[in-house]
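Chain IDs A, B and C follow the sequence of writing; residue 1 opens each chain.
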Amino acid sequence: MELLQVENLSIELLPGKYQQAGRLLVKPVSFSIRAGEILALVGESGSGKSLTSLALMRLLPEALAIRSGRVQLAGTDVFDLTEAQMNSVRGRMAAMVFQEPQSSLNPVQTIEQQIGEVLRLHKGLSGAALREKIISLLHEVGINDAEQRLGWYPHQLSGGQKQRVVIAIALACEPQLLIADEPTTALDVTIQKQILELLNELRRKRQLAVLLITHDMGVVAQMADRVAVMRYGEIVEQAAAREFFAAPKHEYSRALIHSLPDRRHFLSAPAQSEPLLQLKDVRVWFAQRKGILQRVVGHTKAVDGISLSIGRGETLALVGESGSGKSTAGRAILSLEPLAGGELYFAGERIDQLSQRQFLPLRKRIQVIFQDPFSSMNPRMNVRDILAEGMIALKVEPDAEKREQRLQVLLQRVGLEVAHLDRFPHEFSGGQRQRLAIARAIAVEPELIICDEPTSALDVSIRGQVLQLLQELQQEMGLSYLFITHDLSIIPHLAHRVAVMKDGVIVEQGDTEQIMTAPQHDYTRSLLASVPVSPV
Amino acid sequence: MNELVSVMNELMSIKPVVLWSDVLIYILVVSLGLFFYQLSKNPLARQRWRTVFHSRAGVASFIVILFYLLIALLDSLHYRAPLEKTEGSDEVHYSQEVHSLLDVVLTELRNKDEKTYSAPFAIYSFAKENMQTDDGVVYRDFPRLANAGQHLESAAEHGMDIFVRSMKALLVAAFISAVIIGLHIAWRKRQHSLQSGLAGVRTLPWGTIYLTLSVLVLSCCWVLELSKVYHILGTDKVGQDVLYWSIKAIRTGVLIGTLATLLTLPLAIVLGISAGYFKGWVDDVVQYIYTTLSSIPGILLIAASVLLIDVYIETHPEQFNLVAVRADFKFLALCFILGMTSWTGLCRLLRAETLKVSQLDYVQAAHAFGVGHNRIIFRHILPNITHIILIALVLDFSVFVLAEAVLSYIGVGVDPSMASWGNMINEARSELSRDPVVWWSVAAAFVLMFVLVLAANLFSDRVRDAFDPRSA
Amino acid sequence: MLAYIIRRLLYALPILLGVNLLTFALFFMVNTPDQMARVQLGDKHVSAEAIEQWKAQRGYDKPLFINTAENSEGLLTDTIFFEKSARLFVFDFGKSDEGRVIGADISERMWPSLAVALPTFIIGISVNIVFALFVVMFRASVFDTAAMVLCVVLLSISGVFYILAGQYFFAKLWHLVPISGYLGGTDAIRFLILPVIIGVVAGIGGGTRLYRTLFLEEANKDYVRTARAKGVSETAVLFRHILPNGLIPILTSVVVVIPSLFMGSLLIESFFGIPGLGSYTLDAIQAQDFAIVRSMVFLGSVLYILGLILTDISYTLVDPRVRLS
């Protein structure tokens, strides 16, 4: 028996201020979910997967409207209900979990109030019974000391705990359908694994039908019974998970599956030469101030004594979760953050004590690529000015004509066109912008590039292309990379060596193959265990 | 024809006067021109402005503001007329009165004084006078006005005359508008056939633009036609035409709205960016400065400063040989002080935005390329915080126009010799307590001010919608 | 918390010192007491004795900062700066140029000011919040658009117009309330009704519009979507979720003006003849009584800084996320 049946649902953007005609954002899509089944709706940003889920709950923003289609939930047609009837469906028959646990809880209400609201509303509970139910729910979603946490506000909880509370709210009235919209995207991998396990367990225990919306094929592989792939507002392929991974029919599905890590082939480290960059016991501390006179009472030790080295033509992946200090370490190498201690060597010379002026020659040799392709380029400058800025400042090519020629060559090398020189950043897609950022970095012919999560803001299908480009450039120019990332899945075919960072220290480092196959440290092991694996 | 010759003669012999505020308004107009030229080059900014001008309220209010600005500009080309030569002297002396191009346009209004109050469109005075009949009997009645409605044989023709003249003005206005709009539509058609490939591109709301223009043309025609024979807005206590003074006040209003922000803008920009970019002690000092200044209640700071300026002017009479120069000095000082009360807010915003922008990756990337501080500030920071400056400019405009009225009322506004809506409202205190009430002078000031402020508010709403990332 | 307040109070000192120095510079250095005396005495050709006498009567004949004629004790204290500016720190306002005791005037006249300003403030905010909520309830409808157009029109009208129109219709034409004046005790109510109504009406346009934006900002947040997904009705979402969150920025932004309510409103008080601090200041401005203006500048700064501190404290009271440190 299908619990949820969606037929020919389409969603349009209403004509408004900025465009005259309405536009279809979701073309007619159909799918269904049985009780106890997880359907993964997979797609990249802008594919219409989240809109579809909001439409099921009739929660579309005002500028959007349902154009056509029918949604049947346990036999009732959702679009026929009045708004009041719909309110008794939301939260009771169907519930939702959203992507951003940081913002999806009301900041000025306690956890008890927020979970209590839905129970009061649909179950009419109050007093001690209500309290008891809330506590048991919190236990069920794995929050310890539930009794003490009742009076807490959301900001007192960690991201993972907040998502557990959101799940508790969703499950409070025993819904039959749970819609989870990227429930783990904003969380660190180890937390991600716990939340996914929780969802899976609850699904089994309660015979929940789950619509799991995600862009992450790893999550799909781990969780889904069936898969529907969405692209440009259409479902391009729908199949049982096993069949889907074994024999994807659509080309796009194949590209998605291909983006999953391959744990059998590793890069072998290049022959060890003298290290290009060396960190010896590097520390970066931020002062904590307190009291009437704002005295320094202690330090936040963002980076607390790390040592590593990178050889020429080598890629070292610096892996860690958010807050581990990995990005701060990158900034310290670029002399954008002062050191609290330790030594930095580049090509044998000590560089941590140089003044900004003395550091200038090194800026040509050490370059950086940032995570967010949208904020890494000045929106007011065209591509020519953006690319040429470093060349001019570092006097790489003072001659305007020759510089223009080099810019053209550069653009073509990173897979863009000469005509793009006069365009502005906002005219490019995320992947194209990241290519521009790469072009900007290699324009000054550096020896080392610090790559700070360069692919984590990109859709999976684009990610592979950008990584491919980076590798080609490494071979052509003999570049070294310090690759800062939280994403273990991209490491095998990218890095020669891996350093794992936690709370400002490196807990383990070694060859990629050794780290990925035989990790020594517990933390590395738990990181690896939480990386979803391809079933094939 | 003769008139033209005499006007030409007069033009040859005048002595141009350039007040400081005139210079500033020229600069303002030139920089507006430059701004729109720059705009045509940056696609991102153009796209934003397109949303402003593609909204009907945005484009209509912009045209109204331009119209006010045009009047202000006309009123900022000043000169002194030569006096009749005295016997036996070749030296030319110039009048102590400073006039503007606008005065030339409005000569008829300027020179049609009555004795005292008269109501709008009235042909009789507001106050009774002793008069004599032809046979010498003295009686008391409302006298006919000297410069309004003399062509009327009797009061009975009054209403009909107004109607006929209004119709005439309507016809003329309709004709002028039709010619302008017709020509423009024809031109657009040609343009359109030249670049037919761009058929899908959304165009400006031309209907609204035509309508706004037509309304403006109509009001101009109507005012010009009827003011020939009537005081449309009546006359004030000393018999001067109220319409003339309320139009003259436009320059004051427009200038105070723009200059108050512009004069202190450099200060806000320099300090705000320095604080946000260099941080550390620079930040501490700047924060101290603006907290201190903003802790003084604005109106008291203005009052105190204006009092001091008055003292300065009174004790240094030698520097201000003309009434207009003195008024202009006081006016600029007032603009500057008004700006001093508001720049702190802008400075705070710019500091916060600079802090944000300088953390962005593209500034970090520039640091990684070894780009110098100046270049980073001018290429990366300044262009990306201009939207804040722009929003502050348009938001403050209406605030200052309204503030002028209040300040003049309190007695710390513009010089009493200067035409301003605030001064007109100030006089209303005694007028409103008369019986019957003299309402036209204060009403004229309120209406002209309201139209400008409403247009400015509507326009600033659109600008904010287009440029403020939060409202997007 | 306590440490924080102490730190804020300590931080207020240099700011007040700055205000003090600034007013001192404006009043005694940009224009010397000589010039002021000349203007006050009116005639351009006043005798030097008259000026000296005027200055001596008001204590403006002393040196600015350092009195070299005095011994160690009076070196710094027997100066204009100490007498006229430094004493303000202990709220010793001295005498006005007319010879009145400013401190006594202030403590007498702040109550009528408060009697107008406080009701205007409270009623004004409540009315604006109610209107804004009403508009938000019908957001993105014709009613919303019409209300916003009305707000823009209302806030484009000069404040003086509201006063003049109010006085003309309510007092002169319809004789509902006295046109101006003030009496103590319960009689005050008759005189307060009109100024309060006008103060409230004049603020509706701007206030409603601002609060609507604040509420709409909350309405677009994720937690509101969560609440809707729970099945909470639209009205309950508005009152239980949007309102409490939207009130935080509203309350904390108005707290700053609360101490300044004592200062009254220049415009309203002078139009309605209310003997408060606003009209007191205005009279001083028009009579060019610099001593009073100076005192009011200092008092205004003190109250503003007090408002800033209160703002921070109010954040901790209404927003569980904020804890002062």
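The rule we apply is simple: a contact is a pair of C-beta atoms (placed from the backbone, for glycine too) under 8 Å apart; a residue touches a chain by one contact, two chains touch by 3 or more.
Bear in mind that the values here come from a model prediction, so they are computed numbers and not experimental data.
Novice: If you tally contacts for every chain pair, which pair is highest?
Specialist: B-C
Novice: Based on CA centres, what chain would you say lies at the far end from chain C?
Specialist: A
Novice: At what distance in angstrom does the C-alpha mean of chain C lie from that of chain B?
Specialist: The answer is 29 Å.
Novice: When the C-alpha atoms of chain A and chain C are each averaged to a single point, how far apart are the two points in Å?
Specialist: Comparing mean C-alpha positions, chain C is 49 Å from chain A.
Novice: Could you work out how far the Cα centre of chain A sits from that of chain B, in whole Å?
Specialist: Inter-chain centre distance comes to 53 Å.
Novice: List the residues on chain A that touch chain C in their complex, please.
Specialist: Chain A residues touching chain C: 57, 59, 62, 83-84, 87-92, 95-96, 98, 100, 103-109, 117-118, 121-122, 153, 155, 166, 169-170, 290-294.
Novice: In the complex formed with chain B, which residues of chain A make contact?
Specialist: Chain A residues touching chain B: 17-18, 20, 331, 334, 336, 359-360, 363-364, 366-368, 370-372, 375-381, 385, 389-390, 393-394, 424, 426-427, 437, 440, 444.
Novice: If you look only at chain B, which of its residues touch chain A in the complex?
Specialist: Against chain A, chain B makes touches at 42-45, 51, 55, 202, 360-362, 364-372, 375, 379-380, 383-384.
Novice: Which positions of chain C touch chain B when the two form their complex?
Specialist: 14-16, 18-19, 22-23, 26-27, 30-31, 35-36, 38-39, 152-153, 155-161, 164, 167-168, 213, 217, 260, 263, 266-267, 270, 281-282, 285-286, 288, 290, 293-294, 296-297, 300-301, 304-305
Novice: Which residues of chain C touch chain A in their complex?
Specialist: Chain C reaches chain A through residues 3, 6-7, 10, 139-140, 221-223, 225-234, 240-241, 244-245, 248, 318-321, 325.
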